[in-house]
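Supplied in structure tokens, the structure appears directly below.
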Amino acid sequence: MHIPDNYLSPATCGTLVLAVAPVWTVAVIKVKAQIKEKRETLPMLGIAASLAFLIMMFNLPIPGGTTAHAVGGTLLAVLIGPWAAVLALTVTVLLQALLFGDGGILAFGANAFNMAVIMPMVGYACYRVGVKFKHPKVGLFIGAYLGINVAALVAGIELGLQPLLAHTASGAPLYCPYGLNVTVPAMLAAHLLVAGWVEAIFTVLVYQFVHKVAPTNLYQVTPQRSRRPWAYLLGGLVVLSPLGLLASNTAWGEWSPAELKQRLAEQHISQQAPQGMVQGLHFKALFQDYTIGNLPISVGYILSAITAVLIFLLLMRGLQHDNQTTK
Amino acid sequence: MTTKQPNNLPTWLEQPNQLTSQPQRHNFLAHNQQHLQHLLARLSQPLPAVQSKRWQLSPSISLLRLGILILLIALTNNTGWLWVLGLLLAGHLLQLSPSQLRRFSRSWLLSTLIALLVVLPSYWLVGPATVLLFGFKTGLILASTQYYRLTTTFQELLSGLKTLHCPNIFIMTLAIAITYLRMLGHYLLQTMMALDMRMVAPAKHPYRLIGTLFGNLFLKSHAYALELYAAMEARGFNGHYVNQPATTNRWHDMLTLTPYLVLVAVFIFGRTYGIN
Amino acid sequence: MALIKLTNISYDYPNTCGLDHLNLEINTGDFICLMGPNGSGKSTLLRILSGLETASQGDYQFDDQAITAAYLADPQDRQRLHQQIGLVFQNTDVQLFNTSVADEVAFGPRQLGLPEAEIAQRVTDCLELTHSSELRDRVPYQLSGGEKKRVALASVLALNPTVLLLDEPLNGLTIAAQQQMLTLLQTLQAAGKTIIMASHNFKQVQAVEPRFVIFNADHQIQADLTAAELATQPEQQAELLTL
């Protein structure tokens, strides 16, 4: 899953670093709070990073004689807490890039995004759902499986978009030469069929052992008192949204069917736009292409972002349990 | 506890061992032990290959140089440019000792070959130009990172990051990670050896064993963390990671960086004149 | 014919020497105590004997079978060797990985596919021999250092090995527990087991009258003496007391 250098365009790498930056900020704030309650969390970050390193280098046997390796993103999130896991895994990915040549240096942001953010977060969310339904192990199993597959999917998309994002005037790709039609199936097939199961089984077995031998060493969820870090994260994303303008091309996956057809033709992939997209549902988004009336385009971006955030907040609010009992 | 020593052994222990053997194809432990031993050997030799006394670069500058080099290689699509960058890199490689150069070439060729194998099928998709350009660029990037790894110690990396104003907590975490990678790695190796000693038949559930292996490793790392924090506090840790200032010549630093700065300038302003 | 025969064994670590041209013969039923300064090669020798490492140079014969890297690379042969040789590690933390002491001791016999009744018998016997019966349902991870030592020995004994290797088995034990362990080892020796242990505790070990193999700081064997021979050499004794 480690993306080496030169597979992603520097612009993609930069964008992904900017995307991870707010997550890191929240993680630092969250972990600082965690350190106040459990002081050993501070050295644990570094030690967990080396633990993750060892997990990633351990070859697990799979039927057929070959081997695979686990990443341990979900496992770490459950063992030391999701935010601490984000920081620890980031350090692991950096260490691998700088000192061991696993994964690129420019691609650090992308690798951190996939393995240090998406994987522990998706995995941990599933685990929490499992805990809520009194089946933590089931949640963990699904979380580990989903976590690595979502991360692989995102990695596949990052790679597969390169021919569309960066190519010469004649259409020859400058970075990863394979399109989405190759990278996504390739990444997903490997992870859905093999690596995902390996990761899930590994995660549950280690968790089971720790749970049995020393349950107090597992990360204990403290009742949430403040929602401020979420606010920082969302605020940061809103401010960053005009970054979309920096990309000279249209946004990923946001092409109109005609444009898509043209792009696909350029890539010799298909001469026809997918049928479903031509005849499928056409709903006019409220803010078509993020322009509202005659407002400058950047303001449109920010407004759209704020709207999305508000909808997200409302959704979260609706799904929450009430803290106080109503009379 | 009873203090009486049983003087006679149970009968099964007095009889000679009945050896059994069951066929097995693959032993995952032996393979991983080798793997880990290589890593530990590498970690126990943190000295860089090149330690030029006269021309010592400050860690932050060499980190900066690496960043500029990789960025330039990644950004350009002009073979002439890549040629110049390759020459610059080759000049640096001249400083390596012959044995180090051989080591460098071996691992560099191997990693470039793997990169080429991955990109080769695209020949039928997009033609030879892309494959060549991609291979050339990847090779150059791999060479520059490989050179950096050969010439930089972990300590230098840390002080380089420190000079570039990386947050203290981050540097401390990185330092702990590097130190404990060795300690945990050693512990894992010992655990695998102990398991190996008692693996007297093919494992029925290898994954369960691996689960306990890493479960134990996590518990050990937790214990390490508690000890380390106690030790940090005992030594008056105040949250600041203090580093010894490096004694290097600023003039050398600037001189080494100059060709790169010139290249960056040419790269940025050259576009207008169609140089790249 | 000797059970173990080492000819010209050397072992090199990446930067330093581990063992330097070692020659040693060990017979069935020997009780050997390896002594010497720290880092003189005792643990390295135990690891080579157990087949965890292969010597850089030299010849190791176990029961007339040459133990080479190729021999150990075959999983079946490797497991055959490990059925005959048991090793108690210096750091017993690494050796205990099950979730209960009873499971820990049953781990080896269970792999061999023995019937459950026999496994249960072995577990009970081994825990009794090592005075650990009351630890049966505890979690090994939470035991004290001395308790871990005893459980580690029990778990190795359960496999009924012909040769028992012990790396500093007396460390972390009380004097009474040290004596108990030595008595048990002596009983095992009387039953025909071969015992090879590395130790610093000359005073305690002297009581069981082993054969002393003494290393010097240059990773070579300095002396190989029976307890009776050592008794006639006060200088050597005085040196061992300082270890």
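We just call them A, B and C in the order they show up, numbering each chain from 1.
Just so it is clear, a contact is a pair of C-beta atoms (placed from the backbone, for glycine too) under 8 Å apart; a residue touches a chain by one contact, two chains touch by 3 or more.
Not measured: the values here are computed from a predicted model.
*Asks:* Spell out the chains that contact chain A while also contacting chain B.
*Replies:* Correct list: C.
*Asks:* What chain is most central when centres are computed from CA atoms?
*Replies:* So the chain nearest the centre of the shown protein is B.
*Asks:* Name the two chains that are joined by the greatest number of C-beta pairs in contact.
*Replies:* Among the chain pairs, A-B has the highest number of C-beta contacts.
*Asks:* Could you find the chain whose CA centre sits the greatest distance from that of chain A?
*Replies:* With centres defined by C-alpha atoms, farthest from chain A sits C.
*Asks:* If you average the Cα atoms of chain A and of chain B to get two centres, how far apart are those centres in Å?
*Replies:* 24
*Asks:* State, to the nearest whole Å, the distance from the C-alpha centre of chain B to the C-alpha centre of chain C.
*Replies:* 36
*Asks:* Compute the distance, rounded to whole Å, between the mean C-alpha positions of chain A and chain C.
*Replies:* 50
*Asks:* What parts of chain C, by residue number, touch at least two of the other chains?
*Replies:* 99, 141
*Asks:* So which bits of chain B are touching at least two other chains?
*Replies:* Each of 25-26, 212, 215-216, 219 in chain B touches at least two other chains.
*Asks:* Where in chain A do residues touch at least two different other chains?
*Replies:* Each of 209, 213-214 in chain A touches at least two other chains.
*Asks:* Note which residues of chain B are touching chain C in the complex, please.
*Replies:* Touching chain C: residues 1-3, 5-10, 12-17, 19-27, 30, 41, 44-45, 187, 190-191, 193-204, 209, 212-213, 215-216, 219-220 of chain B.
*Asks:* Applying the document's contact rule, which stretches of chain C touch chain B when the two form their complex?
*Replies:* 14-15, 47, 50, 52, 72-73, 75-76, 78-80, 82-87, 89, 91, 93-95, 97-99, 107-108, 111-113, 118, 121-122, 125, 128-129, 131, 134, 141, 155-157, 159-162, 176, 180, 183-184, 187-188, 191-192
*Asks:* Report the residues of chain B in contact with chain A in the complex, numbered from low to high.
*Replies:* Residues in contact with chain A: 25-26, 28, 31-32, 35-36, 39, 66-67, 70-71, 73-75, 77, 111, 115, 119, 122, 125-127, 129-131, 133-134, 137-138, 141-142, 145-146, 148-149, 154, 157, 169-170, 172-181, 184-185, 188, 206-208, 210-212, 214-219, 221-222, 224-226, 228-229, 232.
*Asks:* Which positions of chain C touch chain A when the two form their complex?
*Replies:* It comes out as residues 99, 139, 141-142.
*Asks:* If you look only at chain A, which of its residues touch chain B in the complex?
*Replies:* Residue list for chain A touching chain B: 4-6, 9-10, 28, 39-51, 53-55, 57-61, 65, 67, 79, 87-88, 91-92, 94-95, 98-101, 104-106, 168, 172-175, 177-178, 201-202, 204-206, 208-210, 213-214, 217, 268.
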